[in-house]
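Questions regarding the structure given below will be posed in turn.
As written, the chains take the letters A, B, C and D, and residue 1 is the first residue of each chain.
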Amino acid sequence: MSSEFGKILKVSVFGQSHGAAIGVNIDGLPAGEEVDLEELQAFLDRRRPGKSPLSTARKEADVPEFLSGLENGRTCGAPLCAVIRNSDQHSKDYAELQDKPRPGHADYTAWVKWKGFADMRGGGHFSGRLTAPLCIAGGIARQILARRGVYVGAHLRSAGNIWDEPFPDRLTAELFEEIAAKPFPILNDQYGEFMQGVIEKTRRDLNSVGGVIECAAIGLPAGLGDPMFDGVENRLAAALFGIPAVKGVEFGDGFAAARTRGSENNDRFAMEHGRVVATTNHAGGILGGITTGMPVLLRVAIKPTPSIGKPQKTVSLSAMENTDLEIHGRHDPCIAHRAVPVVEAVTATVILDLMLEGNHGTL
Amino acid sequence: MSSEFGKILKVSVFGQSHGAAIGVNIDGLPAGEEVDLEELQAFLDRRRPGKSPLSTARKEADVPEFLSGLENGRTCGAPLCAVIRNSDQHSKDYAELQDKPRPGHADYTAWVKWKGFADMRGGGHFSGRLTAPLCIAGGIARQILARRGVYVGAHLRSAGNIWDEPFPDRLTAELFEEIAAKPFPILNDQYGEFMQGVIEKTRRDLNSVGGVIECAAIGLPAGLGDPMFDGVENRLAAALFGIPAVKGVEFGDGFAAARTRGSENNDRFAMEHGRVVATTNHAGGILGGITTGMPVLLRVAIKPTPSIGKPQKTVSLSAMENTDLEIHGRHDPCIAHRAVPVVEAVTATVILDLMLEGNHGTL
Amino acid sequence: MSSEFGKILKVSVFGQSHGAAIGVNIDGLPAGEEVDLEELQAFLDRRRPGKSPLSTARKEADVPEFLSGLENGRTCGAPLCAVIRNSDQHSKDYAELQDKPRPGHADYTAWVKWKGFADMRGGGHFSGRLTAPLCIAGGIARQILARRGVYVGAHLRSAGNIWDEPFPDRLTAELFEEIAAKPFPILNDQYGEFMQGVIEKTRRDLNSVGGVIECAAIGLPAGLGDPMFDGVENRLAAALFGIPAVKGVEFGDGFAAARTRGSENNDRFAMEHGRVVATTNHAGGILGGITTGMPVLLRVAIKPTPSIGKPQKTVSLSAMENTDLEIHGRHDPCIAHRAVPVVEAVTATVILDLMLEGNHGTL
Amino acid sequence: MSSEFGKILKVSVFGQSHGAAIGVNIDGLPAGEEVDLEELQAFLDRRRPGKSPLSTARKEADVPEFLSGLENGRTCGAPLCAVIRNSDQHSKDYAELQDKPRPGHADYTAWVKWKGFADMRGGGHFSGRLTAPLCIAGGIARQILARRGVYVGAHLRSAGNIWDEPFPDRLTAELFEEIAAKPFPILNDQYGEFMQGVIEKTRRDLNSVGGVIECAAIGLPAGLGDPMFDGVENRLAAALFGIPAVKGVEFGDGFAAARTRGSENNDRFAMEHGRVVATTNHAGGILGGITTGMPVLLRVAIKPTPSIGKPQKTVSLSAMENTDLEIHGRHDPCIAHRAVPVVEAVTATVILDLMLEGNHGTL
């Protein structure tokens, strides 16, 4: 197995939802980078549970402790390990689930793979809780990138059938900050209200709903990434599919591009202030796997939370027979809005990794 | 850069569209596997150009020569290197393009990355022609998998706005063969006619059109893949985005899942003939990155071919000014149908790689 | 940077000598494996400092806390993270050294690499203290291997000019245990006394001395490892050079083989109880990078501890001028004897990784 | 398996001794680098067989054909694939050996690993012939490095019991060239005569002899390499053990350092022309895995060629009984002198890879 991604910057995630702690080990951070802990905590708080009826009632402070790699507020070159102790565990909620795999969850596949030894309380290592350590890595990456004029932002593009506006052509760090400051990460608050209504209703229905997240990175130089299997798309997709519940990733116009004509989809090159630019960005800032210098733009599909209160049918792994399942415990009626900073975090980390390759094979 | 993918089975692709040869080096094939060269050639012929007005007029026999790794018709354990000589090069068609990057192509990003030393005749190393070596690897992987009861098949799910039926719930090797035998890889030939009409029309319009490919793998054991960043989705996506023109990858219901409720999207587990099965397959055979034993199902978005006959606007890299561009040469009005075997090839190769990990961390 | 090794089993080490904690994250352990914590602690105690005048006076209990991956005494498939809090730090001993790089240490190279931001107190991340987490990984690997009949043992082959006997031809788990139980890990205790005398004398001389460690693994199947760059030698050497102070690695007769004739060095094959064996083992159990089924035998050269009490000459990095240096603090007159379990740990971890590849490219 | 090494610059070797061709695919070369083919051929000729009675009588022109990656004499960024056709195959010499594994060779381990499907004619993929493709990669790397003032050279430090002088403290590109121009790569020709006498005698005795190669790289910046498992020593050792017959690798004083005191082995730092230098180089230019800016110095132990004319005892794999073996065919009485450019090639390739990482984790 490999709960790790990255090439120069390697991010390893560990922990189980109801184990002693969760955490991350980050190997390859540049040395001498300041980490603003207050800003980092604000970033972590964006995905933290227990803040509203739209998310799980589990309460976790989610304050990381830094075991290594950070001295006097700066990275020191050595691997940075940060841990978050689990506090609000209700493990007994999960006793029944060790035998009855929850539909849509990794309970069954983990049982097959690890022969019944998996710690699947609360989803174990597959839990959405593991995205907190990803946000530690991404929160640090964001700060390092921002000092180089590279900014990553995201919004909830849809929840169920309600769609926010797409990102505008002109993206700025200020817009990203504005969205991040909102309790519900959306461009158009009117649509946000509708979405929250939908989520609230699915909660009351003991059900859940999915959503789409749109993420962008601006300020990137042209020339990042490599052809074929080491391109920006390959590396972002490989990492983004590591976020639990992600079932699709697309860049630029993505699946919509498949319906268009070349004359519409091709981004015309033009000179602007002495620089080559593309006058549109259907490509999402990536051609041949390599950045064009335009914003990198991607969307991620998040399936509805598999844990729902409605009674479901499944099997008993001990009896090997069909059975009924009622999931108690605390669950999110929607994880897509809480996953917005997670998608930012993973995107920022991959982009920092790409930038750390630096001269990319030139001397 | 890294024109390579795979972990146990490493596939490295080399060559430029108008260079001496293209080829593939495959490191990690199991030894003693027969390679039926006739069957392999039939597979390669499915993507071969020059067969109909729906694809480029470039004529290439695309018959691989095996330099190593194959002795007496069997793999011998050592790396297998196969090359295809380029024959029908019209390099002079590309002289102008060295200075004028084609919109939607990697010409500009390659120029930035390689400081003008890139061989971009016909797209160079970024050309769709590089998918022929991928098909050599995939064609061999398919034969090895088939001997273990694992089959991979695909069809063109859409071209422009015309959509084929989705794969049926019950998938068989026979169905895959049936599609593969058709000149146009489609389930419902009626829709296929419409699609060909669309492609033919875009050709006459000096334009191009995109499409979506749906691919499935059946016969897989449950338990392949690893959590988080080394899952089946991560590895397939990382490789599939290496196929030129791919802009989106989704598994199971993918982006559509984001619009549904958990009660609809969760696949209920049930006992069938003493085995745990899922009664639906919204998950596309993958939960937590690990195979469930149900068919792995994915879709890939292919953008419209960027090379179109219509006049376009771009820049001159030598003069650093805006200019007009008219692309001559031979081009595909649609590459999505020719990419169908390529998606099968990459999928089969990744799945063989996953299976070669074998016991996956158990002893 | 990459403080990680392994392919299926990835071991990441973090921490600095005088930071909050040191630790290890192990990704890819098979699930369901018991970890006998008492046995593990006994293994860790073999390298623990503060036990005798032959090693540093720093006192550390070195008891790991398990944050993840271990539930009810068994591995659960998820990454196993274990940390050891640093307790007996005398950071002030190191204030002067931040400016004056100690000869033979990584102080200068870390300063160049990390532009002065490195935490070099006590060697920082380069400290021999980082071998404690390696022993956690190796101690667990040893237990898993022992259940499969694979045993790893080592002894101090030399300290300064005093040499222990080489390992006998017939190696057993009992012999390994016998050596491990000794306070000084040696075959012939008479030579051990001499060595301890040499080490004790160098301590009184405010000097230090190096040594050679011989390590063997028995019970391995034939066929582990891969040709050329992924062989058993390549992988063991790559990991063993990660132990601080290692300056040479050799297998079988190693450098001595370079002086012999083929007729002496070739190990004759013969049948024994229906199995192919080699009647001698000059190859150290490895031919073409692949195990023969004979014991894997290797030796590692450990340079003398660079930290010595004798006054030395170095430079001031702030003044950029020559200066004098007197190292205070607590140091080992010899680290070779304490490194014996570390070499076992790294060897065991690499071998477990090789075994986890399992069928090694066959299906 | 993995006949590949490198991180940014990946070198994959393919081919079997008596197959159609051998070759190398190099992924990640910087674009725009001139390759002087004459100089490259001169480098390849240094290891080419058939030139003297001191090496095998097999005659191969060993002129590479470039299939990709090299256009108009310059690298173009895309992977560079070069092949050498095998011409002087005497495959029938090897019929008997398919059943009777040669002592000291990989015949037996390949048979175990690949279940009898291995092509072991002339050692197959394990043959020393596979070092020709390594020299193509290394020969190109040397040219690229030389343009940056980095030079790699080597000499035969010993053959049997005869030892050449060690490299002098002051190393220059001129000295490396001088040695490279000699038919026998040695510092002191007098010792070279003795060595050639020893080799000639072992040839007449139908025997073989090993040797030690000393290699150095000069002009390297301080700060290359990373701590622990990704250091310069780890990466060089991992690659160097990929050269057939290498049984030991050491850096700086290596195994000799294990016999010394810290006061002798520590290299004192001092200011010289405003730069920090080490006044001695016992460390071989590497501390903590990172270059100090002093010459990188290493030695490699080459075992005696396992193929000898003397009758030997082995087993019949078909009959599973002891048998006699007489090896005919053409063999080297010593391969150490021919391996000198191979060690240079691998060292140069690894160093270029390290340099291509460039800023090494800084931005």
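In this text, a residue touches a chain if its C-beta (ideal position, glycine included) is under 8 Å from a C-beta of that chain, and two chains touch if they have at least 3 such contacts.
Quick caveat, the model's predicted, so the values are computed rather than measured.
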item	value
Selected pair, greater C-beta contact count between B-D and C-D	C-D
Most distant chain from chain C, judged by the mean position of its C-alpha atoms	B
Centre distance in Å when chain B and chain D are each reduced to the mean of their C-alpha atoms	38
Rounded Å distance, chain B centre to chain C centre (Cα mean)	45
Chain C and chain D: spacing of chain centres that average the CA atoms, whole Å	27
Residues of chain B whose C-beta touches two or more other chains	1-4, 13, 28, 31, 77-78, 110, 113, 115, 125, 227, 361-362
Touching residues on chain A, where the partner in the complex is chain B	1-5, 13, 101-106, 108-110, 112-113, 115, 125-126, 130, 158, 160-161, 202, 205, 207-212, 222-223, 226-231, 233-235, 237-239, 241-242, 244, 246-255, 257-271, 274, 276, 278, 282-284, 287-293, 299, 301-308, 310, 312-315, 317, 320-322, 336, 360-362
In the complex, chain D residues that touch chain B	1-4, 10, 12-16, 19-23, 25, 27-28, 31-32, 65-69, 71, 74-81, 83, 110, 113-119, 124-125
Residues of chain D defined as touching chain A within the complex	8-9, 28-31, 77-78, 144, 148, 227, 355-359, 361-363
